[in-house]
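Input: one structure, supplied below.
When the chains are written out, they are named A, B, C and D in that same order, and each has its own residue count from 1.
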Amino acid sequence: MLEALKEEVCEGNLALPRNGLVAWTGGNLSARDKETGYIVIKPSGRLYEDMKPEDMVVVDLSGKIIEGDLGPSSDTASHLEVYKAREDINSIVHTHSRYATAFAAVGKEIPCCLTAIADEFGGPVPCAPYASIGGKEIGEAILSTIGHSPAVLLKQHGVFTIGPTINKALQAAVMVEDIAHTVAVAMSLGEVISLPEDEIAANYDRYTNRYGTVNASQGVSNV
Amino acid sequence: MLEALKEEVCEGNLALPRNGLVAWTGGNLSARDKETGYIVIKPSGRLYEDMKPEDMVVVDLSGKIIEGDLGPSSDTASHLEVYKAREDINSIVHTHSRYATAFAAVGKEIPCCLTAIADEFGGPVPCAPYASIGGKEIGEAILSTIGHSPAVLLKQHGVFTIGPTINKALQAAVMVEDIAHTVAVAMSLGEVISLPEDEIAANYDRYTNRYGTVNASQGVSNV
Amino acid sequence: MLEALKEEVCEGNLALPRNGLVAWTGGNLSARDKETGYIVIKPSGRLYEDMKPEDMVVVDLSGKIIEGDLGPSSDTASHLEVYKAREDINSIVHTHSRYATAFAAVGKEIPCCLTAIADEFGGPVPCAPYASIGGKEIGEAILSTIGHSPAVLLKQHGVFTIGPTINKALQAAVMVEDIAHTVAVAMSLGEVISLPEDEIAANYDRYTNRYGTVNASQGVSNV
Amino acid sequence: MLEALKEEVCEGNLALPRNGLVAWTGGNLSARDKETGYIVIKPSGRLYEDMKPEDMVVVDLSGKIIEGDLGPSSDTASHLEVYKAREDINSIVHTHSRYATAFAAVGKEIPCCLTAIADEFGGPVPCAPYASIGGKEIGEAILSTIGHSPAVLLKQHGVFTIGPTINKALQAAVMVEDIAHTVAVAMSLGEVISLPEDEIAANYDRYTNRYGTVNASQGVSNV
């Protein structure tokens, strides 16, 4: 069942090592099938190099396995909490990508000091309090902290990103590591200050509402 | 139209991820067609792995789209300001490459503390003041700051590089990240000091006027 | 002899450069054949790109070469000491991977400040005192320090990891570098603090006893 | 002429980008033909991806071009000074590899704080004083500083490595960057101290005289 989505979820998971976001079997990506409401997620403890679409696990929102020969990711319960609470979210990515997780390790948000951060996250990337793995706690910590950002750090743990599509959740996972690396280096070079609120808002609006969507006939002056 | 240049511009854009300078859809490269005066530029919000020559967008200097099914890069207005003001520039690269952007994040120039920086940039890589994205401001900030350097940082934003050819603009984008990485590490190891002015001038002159251009018959003693 | 194991050991050694853990001829992986008790190990001073299964060297626990055209790794004596003392260990990896070795260079353990460290190592990654290369000293330093961790740092030298299988020893080598990188960056960003003991124990138990082993029929609620 | 050596020198130069030691056209490797005394060296300003054996340039020790359609590397004069003074050296590598050059930028040697540094360099990697590019000065700075180390840093410039063979000069170039990265990180984590002199000597002796050269029939106890 859900063969097309399994293929997309497998492909999305394989994008994690290709973008340098995960080590060994770490990290996972899931997506929601809008028709059935089922979630397709990476299996637990499988090496990326051996992963195939048929290894993906289908679960319902209560966590019951609908289809799959392997166990679902050990982070499945956290994903489900988020899907249950936010109908606008159709894909979730979890990684321990190194620079973003370094901010999480010390429980600090990533300050909105660059236009790229304003564009993508609309403010600082927030850091949720520590929560135990395996139950509802992580989902709750994500939901109470993430706001309108597509990414949230989880203290002493790692990163969760969300999106209306697999592509958007992946983009947030790639971008949060990219800007975390830049900001970590910047902090060693001098004082990092936030952009003014109005500049953050202007960048976020331009990027969210108009970037990549311009109709060619309108020309650049409208971009 | 401009099929050969579209191919070169596409190839130049693909060199950005290959050299580790961009993440996701970030960054862009454009070039000027000398005959028509038109600019060929990367489309907005397109993943590099899917990019083809026919996706490139042709605009005139006023920003009017001459040809292209996709919208042009959201940084097109900034590119155009630079092309309008500087006829010697035929290609522009914009990235958020991590180490160079870390210097930009804290608004600091990259000091000319290495022969490679003197060779390539003829002095420190300057940092322009913050400017809003989308209009003429970034172009003006670049022009008032860049001087004879082929690269300029833009405060709390990223890097722009320029050149008389696509190859030269790309070279500056690769080299500014390379030396930014080296200098950021050096600053953690000790005090970084600038080369003396006469050494900077001698290196810049040798590299700019004679490097790679020696006629084999002259021999090494003339290099 | 032991053709299948030689192939696995060769493949395991080739995973070291593929995971960015070694430079030039550095690093080595060995495994024990349970039936004969012999150890199969990487040859000394061989470039990874030229390495083939038939280059692997077979030694007995006293260090006598049973089969092999090349000399065994110069770290063979250290491997043998560990195999002699710990029958549960069937594979050993040694690297100078950069971030883990940076902690070793200053003789510091990697603090257990992230869930991933609790999962994989069940506490901080300990650092053994300096020991001379070539004899029994390194094996002794490893054994007296490693405890239940699958990885140990060796002061001013590098990293040793162990496992019941090649895969597990490799996993520890990959993960120790991953978390060392993250923690080194975290330390530049703020104060790194350890997880509480009960959280470390809960994570370690979940990861060690249940991760990747869930029977699909049980569903997520049991994970 | 010297077709076999040109192929080896080309292959050696291509190992530089493959090992992450150079950017754009930076860096160069040369080798001496023992019979004729001629030096084969990388051409000036050529992109690595386009480089072929027939592009290599043959010069004599006075710098006269014996064969080659392109100009020789702009660092040729520095290479020649070293070849003239040291008959034991048959290959030289020059790079601006990032972490080693960061030490050079601040004019500091890389302390011998790890067994891998003792093995490969027999002590700290020394840093020669600044010297102007293009004439004899760099060769002189290298010769007066390098001692028995196969690598030397050049203040505010980069790295030179030497060897009796192309392979050995390359190995030193790879290893100096590897240990520079490790030590730079270590310095951010705590106090880096040198190994005792007798440990340095013991490691250097073992590695130089016995590593990778053991006859299999001797067994491990002699390693």
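Quick note on the criterion: a contact is a pair of C-beta atoms (placed from the backbone, for glycine too) under 8 Å apart; a residue touches a chain by one contact, two chains touch by 3 or more.
Just so we're clear, the structure is a prediction, and the values are computed from it rather than from any experiment.
Counted as hops between touching chains, the shortest connection from chain B to chain C is 2.
Chain centres computed from CA atoms place B at the largest separation from chain C.
Where chain B touches chain D, under half of the residue numbers in use are shared by the two copies, so each contributes mostly different positions.
Each chain gets one centre point, the mean of its Cα atoms, and the points for chain A and chain D are 43 Å apart. Here the spacing of chain A and chain C, counted between their Cα centres, is 31 Å. Each of residues 188 in chain C touches at least two other chains. In this structure, the chains touch in the following pairs: A-B, A-C, B-D, C-D. Chain B makes touch with chain A in their complex at residues 23-26, 44-46, 57, 59, 62-65, 68-72, 74, 76-77, 80, 96, 98-99, 101-108, 130, 132-134, 156-158, 184, 187-188.
Of all residues in chain A, only 19, 113-116, 171, 174-175, 177-178, 181-183, 185-186, 188-192, 195, 199, 202-203, 206-207, 210-221, 223 touch chain B in the complex they form.
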